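My questions will all concern the structure given below.
Which chain is which? They are A, B, C and D, in the order written, and residues in each are numbered from 1.
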Amino acid sequence: MSVRHDAMARSAETAPHAAAARRFARVRKLSLDLAAPLSDADATAQSMPDASPSKWHLAHTTWFFETFVLRDHVPNHRSFDGRFAFLFNSYYEAEGARIARPRRGLLTRPSLDEVRAYRAAVDAEIERVLPDLPPATLALVELGCHHEEQHQELLLTDLLHLFAQNPLTPAAYAPAARPPGAVPEPLRWVEGRAGTAEIGHSGDGFAFDCEGPRHVTWLQPHALADRLITNGEWRDFMADGGYGTASLWLADGWAWLRENGIEAPAYWRRDAAGAWSQHFGLDGLREIDLSAPVRHVSYYEADAFARWAGARLPTEAEWESAAARLDPASGNFLDAPVAACPLPARGGDGLRQMFGDVWEWTGSAYLAYPGFRPAAGAIGEYNGKFMSGQFVLRGGSCATPRGHVRASYRNFFYPHQRWQFTGVRLAKDL
Amino acid sequence: MSVRHDAMARSAETAPHAAAARRFARVRKLSLDLAAPLSDADATAQSMPDASPSKWHLAHTTWFFETFVLRDHVPNHRSFDGRFAFLFNSYYEAEGARIARPRRGLLTRPSLDEVRAYRAAVDAEIERVLPDLPPATLALVELGCHHEEQHQELLLTDLLHLFAQNPLTPAAYAPAARPPGAVPEPLRWVEGRAGTAEIGHSGDGFAFDCEGPRHVTWLQPHALADRLITNGEWRDFMADGGYGTASLWLADGWAWLRENGIEAPAYWRRDAAGAWSQHFGLDGLREIDLSAPVRHVSYYEADAFARWAGARLPTEAEWESAAARLDPASGNFLDAPVAACPLPARGGDGLRQMFGDVWEWTGSAYLAYPGFRPAAGAIGEYNGKFMSGQFVLRGGSCATPRGHVRASYRNFFYPHQRWQFTGVRLAKDL
Amino acid sequence: MSVRHDAMARSAETAPHAAAARRFARVRKLSLDLAAPLSDADATAQSMPDASPSKWHLAHTTWFFETFVLRDHVPNHRSFDGRFAFLFNSYYEAEGARIARPRRGLLTRPSLDEVRAYRAAVDAEIERVLPDLPPATLALVELGCHHEEQHQELLLTDLLHLFAQNPLTPAAYAPAARPPGAVPEPLRWVEGRAGTAEIGHSGDGFAFDCEGPRHVTWLQPHALADRLITNGEWRDFMADGGYGTASLWLADGWAWLRENGIEAPAYWRRDAAGAWSQHFGLDGLREIDLSAPVRHVSYYEADAFARWAGARLPTEAEWESAAARLDPASGNFLDAPVAACPLPARGGDGLRQMFGDVWEWTGSAYLAYPGFRPAAGAIGEYNGKFMSGQFVLRGGSCATPRGHVRASYRNFFYPHQRWQFTGVRLAKDL
Amino acid sequence: MSVRHDAMARSAETAPHAAAARRFARVRKLSLDLAAPLSDADATAQSMPDASPSKWHLAHTTWFFETFVLRDHVPNHRSFDGRFAFLFNSYYEAEGARIARPRRGLLTRPSLDEVRAYRAAVDAEIERVLPDLPPATLALVELGCHHEEQHQELLLTDLLHLFAQNPLTPAAYAPAARPPGAVPEPLRWVEGRAGTAEIGHSGDGFAFDCEGPRHVTWLQPHALADRLITNGEWRDFMADGGYGTASLWLADGWAWLRENGIEAPAYWRRDAAGAWSQHFGLDGLREIDLSAPVRHVSYYEADAFARWAGARLPTEAEWESAAARLDPASGNFLDAPVAACPLPARGGDGLRQMFGDVWEWTGSAYLAYPGFRPAAGAIGEYNGKFMSGQFVLRGGSCATPRGHVRASYRNFFYPHQRWQFTGVRLAKDL
């Protein structure tokens, strides 16, 4: 996602310089902490074109600060290495040629240590100039922090994909602390607002351009499930022949399933007896926790599951309307370098797991809001550039840095992609 | 499109049997008329996986009547040839195995004459039983007629694609009669309705399942262009470097353009001097009429053009809200086997060319309306099956049989597809 | 093969003009006879890039006469249709641009009847000028006849491949007359010549450039099987797990087998009980004759079979050395438009089935003979152009026009190709 | 090549145990020396399916000793890590499942250090048991050394390919010492032996199975060029339009050239002025030495060059017959971890550069010699397995460990491959 959210903030915090400096330091440190257990090789390999090497994430986020803050706004800045723009630009056409994305994994040089040195040099320079930056430039630092948080999540999911290819099933991190498991109660429905509703970002806080403008929409009578779909419920779907029943699937989804031999969520593994009892995660190969939310399912799978369940996926407006009342920083998010993992719903009433745990597929295509205008210039190779063929996901995941998402936050992926922590919340018409 | 619209009518005409019989005869005859100038070879070849041979269209539409009317509802019906289900089923999973779509062009047998004999036999049987059919079965005949009209359009566009591959530039049909050309007046804006609006089909007439249910939506203040974009305006876009400016394009569109070397609308050809002065149509190779609407552009191109023009594409709700007041049978539609061709806008005020001429790309993804429920059974391998990755087009084209479309009619294609008569109407926020 | 043998004769017959005229008429008539049962559609479709439409073969062979005889050697010749060079040139780079090979099947125009008219016009002109042609030009007519015989065989094998795709299993021709089947006697070995031997063409008769120069080679002590491998023996190989035993296969062959799911010779079909009891031929779907030679096997299969049998394939020198004593016109060859089909070996002693029935894979790569020099000019886009990656086949097949092959004749295909009538004769070291 | 030469020695040295131990130690040390400058990431990445990571080479050669010596012949051997067989088996079908070749670059674990530990453990065990090994097992150690020498060359060429993808143009090793450059004298012809000649290995020394049996062959009168083709001569070929002249190329070669945009040997680079003045090597980006032999050309290029020069490539029999009189250990071979690089021919008469510098493409397909029999068992997944579609190369290169090749040594690659140090020696008929 961050690969695409590199975009102009609609409106930036008016935080004082000290707060910006603290936030900058904290964000930059978390990236290094996430990379700490990685070898040079771990940080270099690329397991598919959609994914990038950890080292690349570490360098690209640094290039972002160096380019859009230091190069553009600090007089006499000398670039750390003039060749890095070619290596570490992601997709900014306005910033010139760059290495083809599927070839990022061939960059064994610069080494991980050299990239760390690059980070240190840029950090020192940012910290030096930050106290004197004018507000518009300070907003770019803020944007760079949000951008880096997106790459932190991608670093984890790309690393998970890489390690999943290794027959040695390496664990990237220690298991996350986990509250004693409770079997989730049966799913209940929570009625949503109907009629006109406003969605989209407005106000002072940071947001990406695609989150606005805030606008009126119309909601039909509907309800949302009070919690996420669990691995146990997914196993019921599988046991009922869900992956073998054409009538449950979108045509494109059925073709995808057939072509790729899809039989279960990504990273599920059969045990010696042939049962789907294990899955691979950032803490290695583990028993599947039937109470925890299902993760790593594609839109096609989410949609088929919903049809099987006699329900549907929420629209993004339904989701946002419900989420607006909740605390976006309160869920199961990423705080430290441990193995991110969604957790079972806690007991209680009302909507739970709306923020964190897994990104929730909505039935809404990722398109421009009414009145949407992207920012100008390279930095505004706006989110709008990706507005075809993708679906919106909401709420963040266990691999999203805490504080990164909002009720208005729009993530988006192609319907076949599932290497992110993606899951399912059901909705229905009333 | 008909390949996908094969769906249950939400609500069928209560026409008397005589009217149904007249309509059946008229529709079936037009298909034969369209095929009249074709050789056996013309009717057999398949120029790409997206297209089907003419012969296949003629046989598949017949198979539809034979299967869903005669086999399912007429006692003791004997199938014309038991092997035809394998050959002429399109995509109905519930109807069993079928020949792979890209291999339809290898069916040199049965011959075109044998397919005509198949049509004649099924027609005779339908005509024999029709007077006594109960309403629900009569509705299936009506559905079959709408289904066949969709295939008539595909027959023309697939044939156009086939002939466009032939260096001999064969003309399939005589040129359509064409009013003396007027240079269109400058484009003007027509303000649309804002606030709540109802869209979607309801009532007695025929409609495909995806057109309903009728529901409330919310429209932002906006205006629609009063006419379609012309070839001349498209040439301005090209002259201004439109196909070479990355910032105008969606990321997927830019990748598509680069990979396929796209420089102009489909079927445009350079003359000996290198100028894009000709295009290939159902009447062969012709000079481009700069006053006529541009045709055969993809969503990516339509979207890039709109961005270049400082505008955007309409939403389907905006389009339908405006079209609801107009006569859907009054435009430039297909009436007879002549070379379908969009025409310049007539003079005058207000919205013109809303129906007919070219399908208009909207900025709306093809998704379910609130409360959408597909029909049950094989015939309900509903339109919903295609609800991912595609965009909605509205209004019909010069290759659409007159009377086939409605204000609520939703056509849909992938954003790279452009072998249909597809064009552009602009919209803007107010 | 003819697609590649279009080459300069090393030495052409000094036949009188009358003989050349008779031969020209006979060859040209056989092509039309072979095409007689075909519809326009049958003659237009192309089932794979390696194959060409029948219509294309009919036109290309005509283009060859028109170009290299009439255009180049007859003053004031007016081309029949100036656009045909683009359509019907095969691969002569020196003759300019041409339609991409995999797109030949999209040429629904010109029609089969128009191609017949093209043939008639060129034939009339050739017949008019032939009596006065100087010897060098007469040699080009002779070359054109050999060229056309190659395309006659390809027409049959390409047609067989096309019809094999059709679930209706159409028969192209009536079954060939077939002597009462005898069960072949056990395979016996016939010792070959050892030490120096001369191979390659020399002398007055026609030959393609790659058949010469005649030269000395050295043969190790060896023996050849006295007959071809039968379908029954192939079934033994299959029953013994031949297609599932990696150690029998070349690495490239094993990869080919796995990727394409190869389990049996091309055109073999399982019956309802799952047994490989039928195969598809020019006379439609038939029971496999266990006494007849196996046909439609690739080099990979032939090589694996030989290894399984504890033997090997012959070298081309071994084969030619043995064949030089036999009558090349005496085997089971194509004489008329009936369904070509290899026949069981007749009883008796010594080498049988050396000519006709099936092309015999040799273990020799198709490479230049010592001292090989291709002819100059377009017509000499010599066989040498294909001298990498292919293996030599010898002896002709039941689909080769009688009189076309010689002991020195070298056919060649890639090791995975098997749509020709290709089979196996074993050899062993002594 | 070693990826394929892992085969049974026909005949092994009867060296005493001490000599075997010295050789084992020397070979194993050179591999480590070659890997010494590599980072963990350098040793892990894989730049194309044909290449393998350095780490993989280091581990696979170790697995070979562990499997075929320790596991098979040392009682109670405990495997170092039971999972390594899956990771480090190359292609031995008899040894079971293994990781897909194109995925070797995803094995970031085990690390390079862990692989070094694996090497150390196996080395210690081999050294412990070696003094008591019976001759047949000692022969396997010898085979393992030859096998490892093949992988040393691949390690270098695979590494070169990897570094060539890196825009930073890293140098893997220090430049090799290079004698002061002399401009080679004009190429002269050295007449070869004609009539019968014996080629192939026999006698006591080590050889791979495909080098035998020794057998008689027949040589036509011919001559070989006295030295290799230089970069300067190759530039003449380019300047004369060699890469743009279809008539010089094999059909498959021309298709390869067009599809891949080939304009020069691999690793040649244009300078800022557009001239082909630089090439990339194990010592980074350097000026092209016009006096040195051209390197990294495919068979297609070698063959086209020879045709342009009015000559041809030698046959392997011609080459071997000439080389049999020369010292195979005397050329420009690999002795130490410096940047392998072919050198200009020294002055003098007679054949020079026959051994070392670059592998010389022959015009001979890689096929079995008369009477060839592969060894039995897994270790005999013989060279014969690769006997289709490839051409023979002779003489070794600057990246081949000194002492590895013989006059009878047959290397082989597909005609498009050129990441080895491959070059050209001309031949002609007399």
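The rule is simple: contacts are C-beta pairs under 8 Å (C-beta built on N, C-alpha and C of every residue); 3 or more make two chains touch, one makes a residue touch a chain.
Since this is a predicted model, take the numbers as computed values, not measurements.
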item: Third chains touching both chain D and chain C; value: none
item: Graph separation of chain A and chain C (steps between touching chains); value: 2
item: Relative to chain D, chain with the most remote C-alpha centre; value: B
item: Separation of mean Cα positions, chain D and chain B [Å, integer]; value: 59
item: Chain centre separation (chain B, chain C; CA means) in Å; value: 46
item: Mean-CA-position distance for chain B and chain A (Å); value: 38
item: Junction residues of chain A - those touching two or more other chains; value: none
item: Chains that touch, pairwise; value: A-B, A-D, B-C, C-D
item: Residues of chain B touching chain C in the complex; value: 39-45, 47, 83, 86-87, 99, 103, 105-112, 162-163, 165-168, 170
item: In the complex with chain C, residue positions of chain D that touch it; value: 91, 93-94, 196, 215-218, 220, 222, 246-247, 249-254, 299-300, 303, 312, 363-365, 367-368, 370-371, 381, 385-389, 391, 415, 429
